[in-house]
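Going by the order they are written in, the chains are A, B and C; count residues from 1 in each one.
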Amino acid sequence: MNAGVTVSFIVFALFVGVFYYSGARFKQTGKFSARKFEALGKMEEAIGRATEMGKPVHWSYGMGAFDAQYLAAFVLLEYAASLCAKYDTRMIVSIALPEVVPMTEEVIRKAYIEQGKLDTLHTEDVRFWGGSHNPAMIGTISREQVAGNFMIGSLFHESILSIEAAARYNAIQVMGTQNTHQLPFIAAGCDAIFIGAEMFAAAAQLEPTPVRVGSVWAADVLNVVFVGLMIIGALLVTAGNTSLKTLILK
Amino acid sequence: MQFVKSKLPVVVTFGAAFIIVAQYYFNIPAWKTLAAEFLRWNVIIAAFALALGIGGIVKLHWGRISRRQPTAVYSAATLITLAIFLFVGLYETTRGKTYTWLYDFIYNPVAATSYATTFFFITSAAYRAFRIKNSYAAVLMISAILMMLQVGVFSVYLPVAPKIAAWVWNIPTTAGMRAVTIGAALSVVGNAFRVITGLERGHLGGGE
Amino acid sequence: MIKKLSDIDVRWLYLIMVIFAIYPLLRPIGLPLPITDRARNSFAAIDALRPGDLVFFGIDYSPTQEAEMWPQTLAIGHHLAQRGVKMVMLNMIEGAYRYEERIRDFILSEYPNYQYGVNIIALPFTAGREAAFNSIVADLKGLYQVDLAGAALNTLPLWNEITGAGDFDMYVELADAPDWWLRPMSQVPGLKLWNGTVASGASTMAPLYQSGQMVGFIYGMAGAAEYEALVKKPGSAAAAMDTQSMGHALIILFVILGNIGYIVQRNAEAKAKGRK
């Protein structure tokens, strides 16, 4: 084994073990509970309000590169698209990355099919903007005077542009990212947010499958392990003992 | 066809990821060489993805022009600009005089202007968002003001501000950021594991 | 009247902000600029490099971040050149190559002891971001065959001295926020990491500096201005600090006015409810 990776390997093995165990347990019991996410409720509220006002809602993943956040965003997009299909409300999607376009179309199509509303789907509302995503997004929000604004994914400075553009129309805004540099902006400007791992937990709550539940459980168990290690490590280092640090670096 | 669309990507992902992860933990020279090769391929594939972006832009805007949508004129402007940059870049490379001029005096100011609009949005966002609606909002507002006071001239006339701001920065902010980072990283590990093992196929247009 | 303070048309705010931003640029006020301990320590980390040490100089920002990042690039470029280190420049962001070209040409013109290929090399754009950095760690020499100008790297003496990423003493990354460069580069044993980023990226990177994973860290216009002062090369960042200070003062004023209006309005609404 390479030097300095022993603990990392043990953590990885623990993760895989908990992942499969909790996934299998969920298969048997069908039980999974997570606290209620305010942001999910706000999404529904925004779409409901948009329906009453006869206005569309807007969705974007931000401009960051394709990463794990998109996988959680697809589930949340499906949830929003289902509600839009149910209430006959348009959802305009602004996209920066070309590879996300077919996946987005597929997710939205699936949501409309499940609601039996495929004939009401506006395919032209999935809009690929590439590098001009930001001005195009601001223009779209302003022209359409959206009643709800959702931005979930790898967000950069476009989050603040989107927030302020939609705030002019008193849109209900829900955003989520694990890009820590944008969290202060979205926390200040939105009605509700998903902070980092909450996006993944919300995705599991919406569609609890053994794989998603296993993943959330494994992350939670390791979170607890890490908190425990941090407390023990802090106490040991304070007492002048660096043995845990040495062990972790082995 | 179904194999190529859904099974093959999973096999390729698993094979490449297994080698890369395994060589991280175990010292097997042949795997290390193979992993380095896979990473080089990744760079080449990423370069092709940029070309895919050009294809996507052309398809979208050409469609708008051919359907004579109201925004067709902007689509035409986009395609003409793309063609000019592409032609000049291919003809005289990106080191050429004309391309450098286009970059420095067209692309650069336009991109910088787009980012600079954040200046206005942040102003109105601060004015609108930092209202003391509850105790959380008050904490947010006070922290924001402290952060602004610690930079530049204020720290000279108000020397206590940087000290308090440094505490906010070093203790609660850092603790919060680390918590978010660790939590998010674990979720990413979970997602990566699902993708590598083919349990998650959302990125291939399917579910699980 | 006071109630209206909570609902000012944002266009007025924008207009006032423009005036406050432009005035100090036209007539510099010369407000004092203190140097933070963080900037001093970051300066000291580069200052501790010895002539001949090998340094990666990553330029990873696009024109959108030029205002904050180019002054940082110039100031740090000055410092690295003053220390006489051997530099290998690289870029991983679409559009960043132009800044790499500019800083390469600037160093070659300002510092006669620098000769291209002997003690400074500029590598070309590489797609893939984190994957590209991973590839640098795994096999730097296998990843690059030509330099930024398209010349074969094996004709450059400095490149022939290098065997891999492990030969380098420091990685200086000037990036527009994310930490995707840090994860791969921190795998290189003994490589010191140093970062300059935009102000909005500071909250992400600060914990990594605080934990000791990075030996240096500056951010935003203020970081650039401090560094300009430390290398004694005043530039555009120092000049723009008047604007930033004025801007911050104005935002604080807007926040206070907005809150006064909000509190007055809330009290009035509460009173009206009470009467009902």
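FYI, a contact is a pair of C-beta atoms (placed from the backbone, for glycine too) under 8 Å apart; a residue touches a chain by one contact, two chains touch by 3 or more.
Just so we're clear, the structure is a prediction, and the values are computed from it rather than from any experiment.
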What topology does the chain contact graph adopt: line, ring, star, complete, or other?
complete
Which pair, A-C or A-B, has more C-beta contacts?
A-B
What chain is most central when centres are computed from CA atoms?
B
Between the Cα centroids of chain A and chain B the separation in whole angstrom comes to 15
Taking each chain's centre as the mean of its CA atoms, how far is chain A from chain C in angstrom?
28
Each of the following residues of chain B touches two or more other chains, namely 49, 114-115, 120, 122, 124, 126, 128, 130, 144, 177, 181
For chain A, give me the residues that contact two or more of the other chains.
157, 180, 183, 185
Could you tell me which residues belong to chain C and also touch two or more other chains?
10, 129, 203-204
In the complex, go through chain C and note every residue touching chain B.
6, 8, 10, 13-14, 17, 21, 31-34, 36, 62-67, 94-95, 97-98, 101, 126-129, 131-132, 134-135, 138-139, 142-143, 149-150, 203-204, 206-207, 210, 220, 222, 241, 244-245, 247-252, 254-255, 257-259, 262-263
Parts of chain B lying in touch with chain A, wherever the complex brings them together
24-27, 49, 52-53, 55-57, 60, 78, 114-115, 117-118, 120-122, 124-126, 128-130, 140, 144, 177, 180-184, 186-195, 199-200, 202-203, 205, 207-208
Give the list of chain B residues in touch with chain C in this complex.
32, 35-36, 39-40, 42-43, 45-47, 49-50, 93-95, 100, 103-104, 107-109, 111-112, 114-116, 119-120, 122-124, 126-128, 130-133, 141, 144-145, 148-149, 151-156, 162, 169-170, 173-174, 177-178, 181
Given the complex with chain A, which residues does chain C contribute to the contact?
10, 129, 177-178, 200-204
Chain A residues touching chain C - in the complex, by the definition given at the top:
64-65, 156-157, 168, 179-185
